[in-house]
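Below is a structure I'd like to ask you about.
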């Protein structure tokens, strides 16, 4: 967060978009620009590369990977909701072996920056995943998806318990090279997001990704049963944006020095700007990618222009700006 | 929840809408039909009575009333969001004296059923409010809005702490006549809604209203500051429907015998049906009333037709039906 | 005067300078509308993400057109909702609620009335002028806007008024300056009995001050964000001094949008004045004054 | 064959029986489309609450119309998105992505091909028929639907096929019954080499069974809910047996929508078969079998 501010609100002297310095950092990870994909909304980048060059955006956050191959939940896995969607994919994926053999090297070859999202059912599993990734190399950052049920604690979700969350973060941090930041990805479905955030940071998280989906349900009024085979699912999209933004705001307010990767319902550059102003040093574009497969690239373009229009010379000057008194 | 079911899913033999028995109960409160207004979205009924006869719907849930007159939060108090809105009214209202003198008697005169929502900053305040309402008479039910900050506990919201919530419910239940049910209105912004629900029921709540708004924020990308003067606000409308519905589902699953007044993003009769199928014995229509001032009446009409089309003879047969295996 | 909700039909949509004027067949709304009242319309169609109705002042009303009563309003494309409205086609259905709010109060006796309009704020002054003229009042118009194309109704105003003063911020037509600049002189030369004004809040403040200083009653129509428009949500409040001298946060949708200018506490809009009925207890810290300080404190308190 | 996203333009929208056929100028999509592929379109306009693109099989393609390449698809109004589409006007912009998915595989040598279409599922069989005829194949069509007006393309089919069989559920035209009913006989009399089918899942199951029993290869185009349509979200999976004999939950948007009928485990759609790669560890309780039992267990487990 900059304290000597070159921006004057109200009388912006527009900067040419091409000259805005869009670079940013997430801990020790340096990004040419602050727009990334969101985990689970971009696969491992290959498919989206048909629509835009994935090396051009800040980074590709890959689908949360688990130790073993996993077939996920039964279908139906999706329901459209007002300005949102519910998903219940159940972390289908090829497992870490195939991921490290095929997906990560592909991203590195493209010149893309890979943020590897990992998911596990136990602290040990998370630790093993981090070790495998360290040994393989190529990851610019690790995002720890702690919104998974802890199989050792009656399926209680890690992200809902400060202690469980901290244990996972610690295990991953320990197994990861110092120069690779470890971000904990928080769930908004908690009473006190700041407490969870603090617990993760105390356990060694270099930053926080916020937020994951909200737990929701939709009932089919014809079959009169839940639409999703998994009954409940994760709500994403613009519908949740105010909630995700509030989480970013609260955590940045409480811990302004902790970098945040913000996400939740970002469709446009102005949405991304809201997250930056609330305190996010970078953003992930998720569900919108389903609507517009080149959304991350477009959001980057729009954000750059929005900053230029407002007279910003550096993206980083916008980060957290909304917390300053008017 | 009915166990001997007259409905056959898949081959509905439509019932004439006029013959569907729409009556329902919320504890000992008997309603001719299950559609009510939502607190804060209908004033005390007077204004909406210009658009439809408020005695025709299940009941009018009045704006949460406090002991003293209260001017609420500064403006801006509202922001439109995708399929939702944020509000930060701050419980502006005339105080219990004026309410009992002018508003409640008016509702009773109309032949409307009044559900009086109360809000306080301390357990004592809630108790006093209940006592005043008991002494005045006329309330069919009390809805306890526990989504208020507890001034005696650093502003911690009652609804976020099982013990604080229980204390409020107990105080209100004690001060209320046995035949008037007391419903606790829960916030969805908690890690474990079932725990809060259980705590309220154990403390004497006759039922639960679910849910209140989600905490959110919107930032104005021109001023680059929060839109709401109160910074954060409550998110309501269809955007939150899947989350509210999930709360109803979870609590009905855990405590099928506890009546639920369901709400959150209901726009149509089919939305109301989703809440019933998830376990709500009645529903409140909130934000949609701003879009369509006769929405509660329309939702009732649509719900009645939807039930008839599906071959239901009684609304109550639909309550909780989605929990039965297909 | 009770408002109704009707599915109207777009009769026409035309450009007037920078604005759009939409005429809607809206039986029930048209018949009982009074000058200064407004309507709200649903925008975006059935599957829209926009939940809030959009409020617009009533411009012209025809009680019995060929198609039934019609209501016309003038709007500027500001955001998503008005953009959508500007693309409507004749004969499309439009959901409209009205008439809403308190109208301008009319003088009992013929009087000299100065009508001050800023931007599209001039629009509701025309039906008002008609009503005033019916009562034998003299009308003097002061119309201003940022630019020439954002001036609304100057020609019509000229036709029906004794005098017309025009201002633009850029001087492209009329006097360069604010619409309030020529007002003191207009009040003096016309020996005005009453001032009516509609336009942006800073303009209303300036007009109210000038009228107050001149000792002339002034009615203004304000524009606040509204969620319901019918009085149930308390979104649209502003601090207004009542007959009893007490300040209350009153709803501009049902207690307004027309207020007595001198009763509105313009400097405190966006705050809860400490002396307002039901104002929060003063906090232990020194009480913040004004909008900036209040905001600073709210930001700090925001997240407990 | 890489898909593109373009802002196309609606060229025409016409009714065909119960369906709508929309032709879109979509340069880049048209040129590389192959039979069996699909497009996705954004619905609802800029301020819509509907986020998901809607997938439709490609019906006709013209590579160089007067306006550039066009794509036509046939759709039935089922819900909010298709209702919106059905109200589009010529020249309106439409956001379209395609061509997507794996196309039908064509026989190397001239062969006798039976094409089975249910409802609007017949639509993609026409470009397929064209491609097959170009290779000198014989075409026999079997077309069915619930009612006469939901039959698609019977006349065109008659023109280009050696034989045409028609069924309707209500017997309003052709044989009363399912589209699969006449199939065994058609396969026998035509000495079919290959079956292609598109339509609802139960129909595809029946057709696949019949082809398998007759020992004839069968390609089917399935329809699963899709969130992204481009392979990134894993919404659209179904259990398919691979070349190695292993069952995997594969994406119908990129690994399909065309599959070999005998490879699709129809009875297990809506479940994760216990022997699928990456299936959950069997729980301590007896393993549920089939969709009903799985659902029951999920309901019970839903909320931990």
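Per-chain numbering from 1; labels A, B, C and D assigned in written order.
By definition in this document, contacts are C-beta pairs under 8 Å (C-beta built on N, C-alpha and C of every residue); 3 or more make two chains touch, one makes a residue touch a chain.
Since this is a predicted model, take the numbers as computed values, not measurements.
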Shortest walk length in steps over touching chains, chain A through to chain D: 1
Most widely separated chain from chain B, with each centre as the mean of CA atoms: D
Gap in Å, rounded to a whole number, between the CA centres of chain B and chain A: 34
Between chain C and chain A, distance of the C-alpha-averaged centres to the nearest whole Å: 44
Rounded Å distance, chain B centre to chain C centre (Cα mean): 34
Where chain A touches two or more other chains at once, by residue number: 82-84, 225-226, 231-232, 237-238, 249, 326
Multi-chain contact residues (two or more partners), chain C: 49-50, 295, 299, 302-303
Chain-level touch network, classified as line, ring, star, complete or other: complete
Chain C partner contacts - residues on chain A that touch it in the complex: 82-83, 194, 238, 249-250, 253-254, 323, 325-326
Contact set on chain C toward chain D in their complex: 44-50, 80, 84
In the complex with chain A, residue positions of chain D that touch it: 2-5, 42, 49-53, 95, 97, 224-238, 248-249, 254, 269-272, 276-280, 294-295, 298-299, 301-304
Chain C residues touching chain A - in the complex, by the definition given at the top: 49, 292, 295-296, 299, 302-303
In the complex, chain A residues that touch chain D: 40-43, 47-48, 50-51, 63, 68-78, 80, 82-85, 87, 89, 92-93, 95, 149, 154-156, 225-226, 229-232, 237-238, 287-294
